[in-house]
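All chains are identified by letter, namely A, B, C, D and E, in their written order; residue positions are counted from 1 within each chain.
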Amino acid sequence: MDFPYLTTVIFLPVVAVVIIALLPQPKPKVIKFISALFTLAAFALSLVVFYLFDRSPGAIGQMQFVEKVPWISAINAFYHLGVDGLSLSLVVLTTLLGFLAVLVSWKIELRPREYFIWLLILETSLLGVFCSLDLVLFFLFWEVELVPMYFLISIWGTGRREYSAIKYVVYTLIGSALMLGGILVIYFTTGSLNMLELADLAPMTAVIPFAGIFFLLLFAFAVKLPVIPLHTWLPDAHTDAPTAVSVILAGVLLKMGGYGMIRLCVTIFPNVAVTCAPLLVILAVVNVLYGAAVTLRQKDLKRLIAYSSISHMGYVLLGIFALSQVSLVGATLQMFSHGIITGLLFALVGLVYDKSHERNLDRLGGLARQMPVIAVVFSVGGLAALGLPSTSGFAAEFITFVGCFTSTVVEGIRLYTILGVLGVVITAGYILWMLQRVFYSEPLEKFNGVPDADNVEKLCIFSFVAAIMAIGLYPAILTDVIRLGIMPIIKLIGS
Amino acid sequence: MSVSLEHYLILSALLFCIGLYGALSRRNTIVILMSIEIMLNAVNVALVAFSRYIVPLVLTGQVFALFVMVVAAAEVAVGLAIIIALYRSRETVDVEQADLMKG
Amino acid sequence: MSLKLELLTPELSLLIFALLVILLDLGIKQKKVLAGVSILGLLVSGGFVLTLWGRESASAFNGMFLVDPFALFFKLLFLIAAGLVILASQDYVSKFARFQGEYYALILISAIGMMLLATTGELISIYIALELSSISLYILTGFLKDPKSSEAGLKYLLLGAVASATLLYGMALVFGLTGKTRLTEIAQAIQTIPLTTLLDSPALLLGIILLACGFGFKIACVPFQMWVPDVYEGAPTPITAYLSVASKAAGFAVIARFFYTTFGVPDWLSLNWGILFASLSAITMTLGNVIAIAQTNIKRMLGYSSIAQAGYLMVGLAAVGVASMADTLGRSGLLFFLASYTLTNLGAFIAIIAISNKIDSDLIDDYTGMGSRAPLLALGLTLCLISLIGLPPTAGLIAKIYIFNAGVHYGLLWLVVIGVINSCISAYYYLGVVKVMWLGAPVSEEKVPSSWALRIVLALTCLGVLVLGIIPGKFVQIAETAVRIFTS
Amino acid sequence: MTVLDIVFWLLAVISIGAALAVVFLQNIFRAALFLVLCFFAVAGLFITLQADFLAVAQVLIYVGAISILIILAIMLTREMWRGNPGGRFQLPAFIIALGLFGVMVWAVINTSWQISAELPLVPTTAAIGSRLFGEGGLLLPLEIAAVLLLAAILGAIVLVREK
Amino acid sequence: MPHQVPWLIWLSPMFSFIIISLILRPFFNHHPKLSGYTTIAAIGISCFLSFWVLIEVLKAPGHRLEIPDIQWVVIEDGISIHLGLIVDALTAVMLIVVSVVSLLIQIYSQGYMHGDPGYPRYYAFMSLFTGFMLGLVMADNLVFLFLFWEGVGLCSYLLIGFWFHRPAAANAAKKAFIVTRLGDFGFLAAILFLFYHTGTFDIERLHSLAIAGTLAGTTLTWAALGIFSGAAGKSAQFPLHTWLPDAMEGPTPVSALIHAATMVAAGVFLVARFFPLFEHSKVALTIVAVIGAFTAIFAASMGLVMNDIKRVVAYSTISQLGYMMLGLGVSGVAVGIFHLFNHAFFKALLFLGAGSVNHATGTFDIREMGGLRRVMPWTYITFIIAALSLAGIYPLSGFWSKDEILIYSFKTQPFLFTLALITVFMTAFYIFRVVFVVFGGEYRGTKLAHHSEHKLHESPAVMVIPMVILAFFSAVSGWLNLTGNFGEFLGHGEARGLLEGFFGILGKPLPWLSLIVAGLGIYLAYAMYSTRRISPEAVGRTFVPLYTTLSRKYWFDELYERIFVGKTLVNGLFVGLEAFDTYAVDGSVNGIADKTIATGRALSRVQTGQLQLYGLFIAMGIVAITICFYFFG
């Protein structure tokens, strides 16, 4: 076995945690630098992995950078890591946002040591989820994320942070609880926990019907994604979380849901997925339209962005359960794209709030004069969110739409796709309305002297913009890789 | 009708239930303890009866009953000790007043 | 008849040390020595257990005293628990300075009782061993002799006596049906009785129910759980820890062995009590968790939590019942869960002992700001609570996966789903404590000191919790080995 | 109806009556005395069951030790004047006890007991001795019982002595 | 010709945008002029190359050049989206229009935007827009086209909202974007629909499929209508017309370039680009014609009563775009595009004129103007030329293309012809109303004190010269088709001699009819606003309901914004959904949580501390379990 790339990527943040924990009385600056350094290293290494990733046709359906060590032999569980196109894109997303989240947190002054420790652990858990090929390992990483999230929201959050934190935890726990049930049933039906071996499970007698297992798993992912009506933790958690956590939450955590749906629900139970797809597609459209409609009513800037995520993740759901190759590629790209776009938006909301101490849209206004850089970047982010071509938002949504519309698997998918497309118009509505309320019209006197972004912040938000534009202008960077991961899954559906 | 195992068992059950009723309905802790002793005696009746009717040649049941007596003695000793300790601190042996902890 | 003394060495050595402690207490001024001697006794006993580990299973006293990996596993567990409790008592014993010797001796004696409980295979011995451990614990519960402690002792004793009387009646019925007292013989005798359902022999049915009730009292399952919160609250905190961990484990040990050996065949019989435990399990965990939410006293809260945990453990028990004879999963799950739970709960109690001792309160609200007043203790407690919820990277998660594994395997998916949803509910109140400790502003800036002994114990338990959570492979294997004897 | 039967019925009535008296008598001291009576009756029942050694042990342990202990405790706690009042759960306790009794009777009657036709061993003392100490005997519980008594004594001392 | 050159046409302004935004704006902000020069240079290059391309296309067989593609993204095995350029006659014409008008307007803007703090931003956006617009006309597949399509929409948004601190501008920008996006929704749907049926995004491939009849029937109709919906949004056709008048909140050169000459015409271009599809669907084509004709008269009617000079011109633009649609609908690419071509010049000129007037007076309200012919002769003359061209007066450019539309519609759709003819009258009236009010009579400006201190003055040369050039084009651009060359170039035309073309038309009755109608319009305007023989106030009073209806724009804004978006959606349906979300969904979750906690409290009250109760539970448990077994065991 060569260099354990994935293990290194996953545990680099933990190394930083150990260092930070062991330093006696470290200065906040030191902590921040260590965190930044290690997350950057993880990002760099993930880029190396991305670069080394074999894109040749022979690599289709192959997990790469596989590491497999026996772990709990009694239940046949392995420390089994590996990436394919699907997970690789999300790994890169996670390391990128992990690094940027550290930058976003540069101004943290309250208990910085704990804060960065939790943030780094969070990153590790997310990376672990995307790299695990063993169900128990997957579940373990899946659950690890809860603890840091709880602390991060409830200590460093704002507003009703404790309520939001516990709500988030309980919601996720219920989901993962059912997922655990599903995983166990799978294990006992097949005796295997290996995600690769489980692909396209041949019909066999299980304790409960396959559809039951499918929905047990799906529920967990639906909570994360989130799918209406399991979504109400999201606005609360996003709104009350500290900025960097909102970034990660919206940027990566929601993707765990989409990833899980593709990796487990669709891959293991393709036939059930096909049967249930019509229902889920309808839910997806509801997500898109309902989410957008409710977004339009929000008065709190952060809450607005949060609700917009619900709408945007609807496209992911739509793409996944349209069950065509293109739609799945689109959905994955949409996950990536939404990650950086919403990440950026939350980072910017954080900046606006830090500087103006105001998040209520009714009391904001005219900030474009006082913070031009933020205004410009916010506009770019907003436009990307509404799917303007040349941004990643468009590439992702467009590919998703094309995939859905041409899907032959689901009955009536075209109508639903068109309805989904309609969501784009509402999106434009709330994004532009928001931009107008925050930045346009006459500058308000109370915001005089409010500073614009400083250099660290600029570095951070410009990185986001660069990523958005890069993917938008040339999505093939990712789609070529994602496709490799999606193709074998689609073959399952065909069969 | 000749006396049989069932008779002893029903007697035992009756004694057991009287003991139980006493343990659950009396307020005086010492009476409760006495009721529990009745319950243990009831069990002994059953044990000895079983010994007599089921395995008359092996005296396991009787030995069992013997051990029960020992345990009963120990239980009573400790129980009374605790009651006295409680009495010292609370000046009562009324079980209904022992409700410092609840909820 | 050969006594095979070497098989008895763990219990005997411990007994000797218990006596030694009592004797030393008479003459020695430096009471710390007593704790040392007790620990030494536990170590010696543990050493003997380890020498027996890996040998062929053997028995003494005509098969009444069984030395198999299952028993050894539990013996080790009790020894570890007793050791940790004694170490954790270091900051606590000042409250009853006069009786330290008796205190340690009783802990050792009750440990002996529990060890015997796990190791005996005969009705009378089981009964006496049960009483031995119980009576020692009644005494320890009332040890403080303040109103709360005495009240707790009284409640525990009276209810315990009623429960043991019912247990005894159950034993009597089983004895009456079979004429035997050794479990294996009973099992054989039952198979000769021509039965197709339990209703054919109501006495057997009643016997099983009464036994379940008597043992259920020990493990605190619904509806035999109501003593738990009151006793936990009133008892000296180290004893609460001991009760919640060792006593419960002993209960599970004896139930697993008793029911499995005695009522393991025929299958329908096994299924019957399997379903019984499954139903009780569902009610137990739900009730425990739901009521725990309402608690304001941390010991009471942990009391209800331990009821809930018993509920999870009973999933394993139910799986043992529902399972066919050939499989070990339910029992090994039970064992692993118990090991994990023991460490975790002890860890939590150790932290609580340290904190309550200083702030002189068990109210959760008084834990406000502990994160800054006693960061290490708070961290340890947090970790243990997280493990109790069943979140990674702690033992709790693996244990839950493992035990639910068994449940799912034997078609108890409904129970597992109830179980996992219960863990979600439990997050609410466990995290409530965490929240108070880390989020609230401290009432005072005063640090909460703790002795080195306590810190080390806490660190050890936390380490154990983490190790079991991250690399559980080895320990799962041990659990698997420990139950294999049943299959042969 | 044999003599044995008559004795049984007599003892049964006495024991039940005494037990009821224990529970219901308001004078707690008298209740204790009726407990002694009950124990005697049970000892008599043991004799009807050919358990002569046990009967003696019953008298010694229960009547001689336990009852005295209880009476001592009654004196110590000076609670005589309060009597033996009923608690708040009398009715439910009665119903439950009745229910349990019903269940038990149902179980006893509906079970086909494998009655052995052999005659019991008499006298039992030697047999009990060999059952305890002999080959295949119950030595283990005996040893545990010793420890149990030790623990109980220890506990009683600790609990009763002043702080 | 090297293949890369056409790419440079649209990339050159893009580079300009990047240079301005990444280098000039951050580092050379104290030299704002640099950005103007950069833009002008970049667009100059584009303009130059456009002419080159035109020449190449003219020379090329079949009037088209082959440009190699760049693979953008592979979406499925064998199916990939390419970025490629289509360079044919239509492209060439559009390139000329866009680059020339844009270049002139950039030059003009140096004067108009002088001293504005957002000067570099203005030029950055303008570059960006020009780049997108040039790309739009060249894109060879739907995705690429859509990219540019949205890109110009974005620039329109940014430039309308250029003075974002004015709430009206911000609102207008938002409105423009959303309304056009509504149209784009149809366009996007059509793209998906076409791809679903054909598996390709390639425009030429779609053409050939339509021509071959593979793509036909309802499929084709629906696709065409989807495309038209996009076109209608961009070109502000009824019922998506409401955004364009509001878009006048942007700087005037922006209105000239984007909202008159180029972007709004992109809708017309789009229909032209997909004309083979429309051609094969009678229904679609008819709908295009009807919508076009209706929009023409509908917008013109509102133009009659507006008092804001830019709004008059804006409604005129909508009306003229309707004309172009009508042209496409009744006759084909050549006619519609020919009008687009001519319109670009005179309409841009009208806007620049309006800008020039505004530069002098500081207002757009024609009631505040008057008598400007004396102080602003250049503006006056050029404006008159543009107005005459718009009114379709022989031999100015507008005449030629409008006449063709009238002729064709007369042949095929007599009813639409009637509408078009009435529109001619209105057009002439409203534009000359402006001319007479603004330039005739005496100066009436009172409001703007700071302007009255200065003398009114002619605009600087940098503004006037582009106007003059445009005036030249406005006058003569129509002559390009005298010989039928232009039409033939676009694939649809009959050759004739130059003189025959120029004078021969006067021999036919229809042109005379339109000339007379236009003349009447001008005369009426003259009578009402110059000589005051007819009192406009009296007319207004006579037709109060009509006047109100027109000046309130048929209440379409109210209908859309207040009733539909406001009352029905945002404050209606969405409120309901939000309430549902808060109270039903979240409420039930919180309710369950609260219930659980309350249950916990209640149950913990059972724990009374009475140990006998606990004992009761034990005994009860035994009985209950036995009973359960009895009944269920």
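General observations
As a convention for this text, a contact is a pair of C-beta atoms (placed from the backbone, for glycine too) under 8 Å apart; a residue touches a chain by one contact, two chains touch by 3 or more.
Every value quoted in this text rests on a predicted model; they were computed, and no experiment measured them.
Between the contact lists of chain A and chain E, the overlap consists of C. Identification of common neighbours of chain A and chain D yields C, E. The greatest centre-to-centre gap from chain A, using C-alpha centroids, is found for D.
Distance from per-chain Cα centroids to the pooled protein Cα centroid is smallest for A. Greatest centre-to-centre distance from chain E is found for D, with centres as Cα means. Chain B has its Cα centroid 65 Å from the Cα centroid of chain A.
For the pair chain B and chain C, the distance between mean C-alpha positions equals 26 Å.
For the pair chain C and chain E, the distance between C-alpha centroids works out to 77 Å.
Chain geometry summary: the mean Cα position of chain A and that of chain C are 42 Å apart. Touching two or more other chains at once are residues 87-89, 92-93, 96-97, 100, 103-104, 108, 113-114, 116, 138, 141, 145, 148, 151-152, 155, 158-159 of chain D. Of all residues in chain B, those touching 2 or more other chains are 9, 16, 19-20, 23-25, 33, 49, 54-55, 58, 60, 63, 67, 71, 74-75, 78, 81-83, 85, 88, 95-96, 98, 100-103, listed in ascending order.
In chain E, the positions touching at least two other chains are 593, 604, 607, 609-613, 615-616, 619-620, 622, 626. Contacting chain pairs (ordered by label): A-C, A-E, B-C, B-D, B-E, C-D, C-E, D-E. Considering their complex, residues 593, 596-597, 599-601, 603-604, 607, 609, 611, 613-615, 617-622, 624-626, 629-630, 633 of chain E touch chain C. Contact residues of chain A toward chain E in the complex are 167, 170, 228-229, 231-232, 290, 293-294, 296-297, 325-326, 329, 366, 368-369, 383, 388-390, 394-395, 398-399, 401-403, 405-406, 414, 417-418, 421-422, 424-425, 428-429, 432-433, 436, 439-443, 474-476, 479-480, 483.
Residue ranges on chain C touching chain E, taken from their complex, read 154-155, 158-159, 162-163, 166, 197-199, 205-206, 209-210, 212-213, 216-217, 222-224, 226-227, 229-230, 272, 276, 287, 290-295, 425, 428. On the chain E side of its complex with chain B, the touching residues are 604-605, 607-612, 615-616, 619. For chain E in complex with chain A, the touching residues are 71-76, 143, 146-151, 154, 157, 161, 164-167, 169-171, 173-174, 177-178, 181-182, 185, 188-189, 192-193, 195-196, 565, 569-570, 573-575, 577-578, 581, 585-586, 589, 593.
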